[in-house]
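The structures considered in this document are given below.
Look for subunit A in each of the two complexes below; its partner is subunit B in the first and subunit C in the second.
Take a look at the complex of A and B:
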C-alpha cells in the first residue's frame, strides 16, 4: 500500500472536507488533558498530546447507548412494545488514535464479534469506523506497549498510520477504508514509498527505544489458574484499592456493561451503560448473594480476567495493550505492571 | 520530610516489636512520580517501606473502617480529623488506635506540577520549600506554596487534632486565610447561572465514583446510587443523574467533611468536587460554629438535638 504526504498547511482544509463525508472524532484539549470528542464544524483535531485521558473506545462503545425505546401510554397501540433505537449515523473517522487504542479494538472484538455471538451495536459501529492512527514519537514513561504485543508505531487494527515528521505527516495507507478516507479529505500527494519507510523506520526505532517500562507475560499461560487465584499476594495488591471504576473506565480493553430501563413520564428507553468489576453491584445476585463481595475478590477479578482468563480462553496474548492509563490515573497507585510481573513469576524459583 | 520518615519508621517498628499494634497503616513509595501507595506494615522489617513526602494526599482513615485489629496509623492534620469523625460515628474505637501524628506542611497537586513543566514529569525532588521537577522538557524549580493542593493552601489544621505520639514539633498553623472565596462567588450567582455552572463543572464526570470511594466519610454499606430496589439514581452520565449523585453525596458529608481533598485528588477527569463540600463546611461554620474532627467530646451538629435550638421548624 502507498504512503501519502500531508503538509501541515493542507491539514485544516482536509479535515474540513472530511467532515462532509464522516463524523470526525479526535483528541481535543479539555481543562488540563485531552479527550476524544466528536468535532463540530469548525473544530480541528489537537494532536499535540501524549495520550488522551479516556481511551478512544467511546467512539465505538459509548458509555451510555440507547438500545430500545418504548411507550407506556396505553392509548397508543404499540404501548409496552420495544422498538429498536434508530441509528441514523453515517460513517465516522477517529483521527489521532494511538496504536495502543486501535489494537484494543481487536481485543474487544474477540468478545463482541464472535462466530456464535455478535453484538450488533458494537459490530455496526466498528464497521462504519475508519481508524487513523497517530504514531507515538514520544511515548510516556508509563507506556509499556512493546511488551504487551504492540508498539508506538504498531499498525494493528488501523486503517491509516500517521507519522509526524517535522512539518508534515506521512500517512501510511493500511486498508481500503483508509485509502477512501484520505481520498475524501483530498490528501493525494503520494510519497516515495521506500524513502518514506526509511524515515518512518528511523522514527520508530527511536520511539521503541524510548519505551523503558515492560511487563513479563511468558509464564501466565502456564500458571495453574486456581493456584494463581489463591496466591497470597492478592491481599497486598488489594489493600490500597478503593474500588472505584477509574481503571476500568479509562481502559481501552474493558468491555463490561449493564442494561437498564429508564422511564420519564410515559417514555421509556432501554440502555446499556459501562459497568465495572470494581463495583460490588456488578455481581450482586437477585437473591442478595454476592459472589465477589470483598475488595480482594474484585481486584483479583480485574487482573485475573485481563492477564489469565483471557490468555487461557483466546491464547492470543493478554487483554491489555500497555497504554498505561490505569497506572497514571489510579488514585492509590495500583500498578498493573507490578501485578502482571508478580502473576507471571508466581511459583517460579526466584533465582 | 526525611526526618518525619525516619521517625515514622522508628515508631512503627517499635509498636510492632512491642506488640502494641497488629499492623501500621502508612504510605510506601509509589511506582510513578507523585503517587504513593497506602500500605500496611505487619512486621518491624516492613516498616522500612514506610515513607513520607508531599505526595501522601490520600486520606488513610479510609482504611480504618470497621477494622477489628489494634492499628497504628500515620495521620496528618486532616486524617486525624477524619479519625475523630470515624470514632464519633462508631467506625473504629479510640483504644484500637495508636495515632502517629504528622505535622503537615501541605500536599502538592500533581496537576499543578505537570502544568509547571507543561506535561510529562519524570521526577520530583523536594528540598524544604523548593520543589524541583525533572521532565523531558527540562528541569524547573518551583516554590511549594505555589503547587499545593487547593485544600492544603486553605488548611487551618495542619497539626493532628488527636494523636498518641508526634513525629515532630507542631508546625505553625496558617492564619489570615479566606477559605470561602470560591463558595461566595457561586452563592452570588442567580439560579440559572448556578445551574449552568454546575452542569459545566460536572460535564466531564464519568461516574467512576473515585471521589466517593476515596472519601473517608463514604463508608455506607450500600451507597444511595447503588440502591436498586428502588433505584434512586440513573446509571448513565445524564446531567441530572450526575448532579443528583454529586449534590446528595455532598449533603451526606455536611458537618463531617474535613476538606482533606482526597475526592478532588482522586478524580481522573479533574473535577473540582470540593466546591460542594466547601459550601456545606461554610454553612456548618456559620450556623453552628462547627468544624469537623477537632474534638472527641462534642457531637457533630447534625446528630444532636438541643431544646434551645433557635429554629422553629424543629420544635
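Take a look at the complex of A and C:
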C-alpha cells in the first residue's frame, strides 16, 4: 500500500472536509490532559500529546449506551416489549489514536465478536470506525508496548498510520478503509514509498529504543492456574489497593459491563454501562454471598484475567497492550509490570 | 445481526405458589410470538434471563422440560429487586425471556448410564426438568436406573409435591424424599438430611453411574464425602453453579471461575473441572 504526504498547511482543511463524511474523534486538550472527544464543526485534533488520559475505547464502546427502549403504558399495544434503540450514526474516524489503543480493540474483539454470539453494539460500531493511528516518536517512561505484543509504530488494528516527520505527516495507508478516509479528506500527495519507509524505520528504531521498561510473559501460559491463584504475593500486591477502579476505567482492554433498566414516567430504557471487577457489587449474589468478597480476590481477578485466563483462553498473548495508563494513574502505585513479572517467574528458582 | 440481548416477549399464563413460606413461585410463560418457542429450543440444565420490563433481568434455571410443549416454566425464589417485582406480577402480565443460555447437563454422556439425582431446597428446578425429560416415553429407554434424592427443611418447603408423589409410585424411578424435620403425623417419607440418606440408599459409583448434585452449599459440602465413599469419580459428579450474571453470554465479565464463564461455559461442570478452577462461586 502507498504512503501519502500531508503538509501541516493541508491539515486543517483536510480535517474539515473529513467531517462532511465522518464523525471525527480525536484528542483535544482539557485542562492538564488530553482526552478523546468527538470534534465539533470548527475544532481541530490536538496531536501534541504523549497519550490521552483515558483510552480511545469510548469511541466504539461508550461508557453508557442505550440498548432497548420500551413503554410501560398499558394502553399501548406493545407495552412491556423491548425494542432495539435505533442507531442512526454513520461512519466515524478516530484520528490520532496511539497504536496501543488500536491494538486493544483487537483484543476486546475476541470478547464481543465470538462464533456463538455477537454483541451488535460493539461489532457494528467497530465496523464503521476507521482508525488513523499516530506513531509515538517519544514514548513515556511508563510505556511497555514492545514487550506486550506491540510497539510505538505498531500497525496492528490500524487503517492508517501517521508518522510525524518535521513539518509533515507521512500517512502510511494500511487498509482500503484507510485509503477511503484519506481520499475523503483530500490527502492525495503520494510519497516515494521506499524513501518514506526509510524515514519511518529510522524514527521507529529511535522510538523502540526509547521504551525503557518491559514485562516478561513467556511463562504465563505454562503456570498452573491454581498455583498462581494461591500465590502468596497477591496479599502484598493488593495491600495498598483502595478498589477505586481507576485502572479498569482507563484501560483500553477492560470491557466488563453492567446492564440496568431506567424508567421515567411510562418510558423506559435498558442500557449498559462500563463496570469494574474492582467493585464488590460486581459479583454480589442476591443471597448476600459474594464469591470475590475481599479486595485480594478482586485485585487478583483483574491481573489473573489479563495475564492468565486470557492467555489460556485465546492462546494469543496477554490482555494488555502496554499503554501504561494504569501505572500512571494508580493512586497507590500498583504497577502491572511488576505484577506480571512476579506472575511470570513465580515458582522458578530465583538464580 | 441478531441481538443476543433482546428478550422474547412472553405472557404469564399461570403463577403457582410452591412453598408454605410463599417465597417460591412457579411462573408458566407462553410466547407471544409462536415462532419464538421454536427458537427457544432448550435442553434440561440450561437457564434463561427473565426480563421484567423496567426492573432488569435475572438468570433462572429452566424448570420445564424440553418434552413439555406450548409453555416454559421457571421457579423463582424471592430475593432481590427483579424477583420481588416478579412475585408481584400476575397471570396476563407481559414480560420477556432471553435464552436458552448455558451448556445444560451432558445428555450425550448420560445416555445409557444410571443417573443419581441429588437435590436440596429450591435448587430442584433444572432437576425437575431433567427427571421429566428422562421419564418421557421417548427417552426412558435411553437411561439405566434413575435415582432421585430430594430434601427440604419441611414438607411444605418441597417443590412440585404432586409430581414427587406421582414419581414415588412409579417403578421406573427410585425416589427418596426427605425433610429435615416435621410434626406431621401423616408424613410417610424420610426424615433427616440428604447425606446420610444418600449413603444408605444411593447405588455405588462405577463407570456407568453419574451423580447430578444441586443444592445449598452446606448440602454439597456433606454430600461429597458420601459420594467419595461410594466410589464416585469426580468426573462422574455433575454440578450446576450459580453466580451473579448480567449478559448470560460470556461477555459482561463477572461470573467467571478462572477462564470459564459460569453463564456460557457452564453452569454445568463436573466436580473434576471445578476442582481445577478458583472457587469463586
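We adopt the following convention: the second predicted complex is superposed on the first by the 351 of 351 C-alpha atoms of A that agree within 3 Å, B and C clash if a C-alpha of one lies under 4 Å from a C-alpha of the other, contacts with A are read in each partner's own complex, and residues count from 1 in each chain.
Operating definition for what follows: contacts are C-beta pairs under 8 Å (C-beta built on N, C-alpha and C of every residue); 3 or more make two chains touch, one makes a residue touch a chain.
Only a predicted model underlies this, so the values are computations on that prediction, with no experimental measurement involved.
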| item | value |
| --- | --- |
| Touched partner set for A:33, first subunit B, second subunit C, both or neither | first |
| Which of subunit B and subunit C A:346 touches, first, second, both or neither | neither |
| Subunit B versus subunit C as contact partner of A:244, first or second or both or neither | first |
| Contacts of A:280 with subunit B and subunit C, given as first, second, both or neither | first |
| Partner chain(s) touched by A:233 [first = subunit B, second = subunit C, both, neither] | neither |
| Subunit B versus subunit C as contact partner of A:258, first or second or both or neither | both |
| Contacts of A:11 with subunit B and subunit C, given as first, second, both or neither | neither |
| Subunit A residues contacted in one complex by subunit B, in the other by subunit C | 258, 260, 284 |
| Interface residues, subunit B side, partner subunit A - complex | 30-32, 35-40, 58, 62-63, 111, 114-115, 119-120, 122, 136, 204, 206-210, 212-214, 222, 226, 228, 234-238, 262, 265-266, 268-270 |
| In the complex with subunit A, residue positions of subunit C that touch it | 1-7, 9, 32, 51, 53-58, 79-80, 83, 93-96, 242-244, 246-247, 249-256, 258-259, 264, 276-281 |
| Complex contacts: residues of subunit A adjacent to subunit C | 67-68, 70, 72, 79-82, 84, 111-112, 114, 116-120, 123-124, 225-226, 229, 255-261, 263, 268, 270, 275, 277, 282-287, 291-292, 297, 301, 304-305, 308-310, 312-313 |
| Subunit A - residues contacting subunit B, complex | 30-33, 35, 50, 53-54, 63-64, 138, 140-142, 236, 239-240, 242-246, 248-250, 258, 260, 262, 271, 273, 276, 279-281, 284, 327-335, 337-338 |
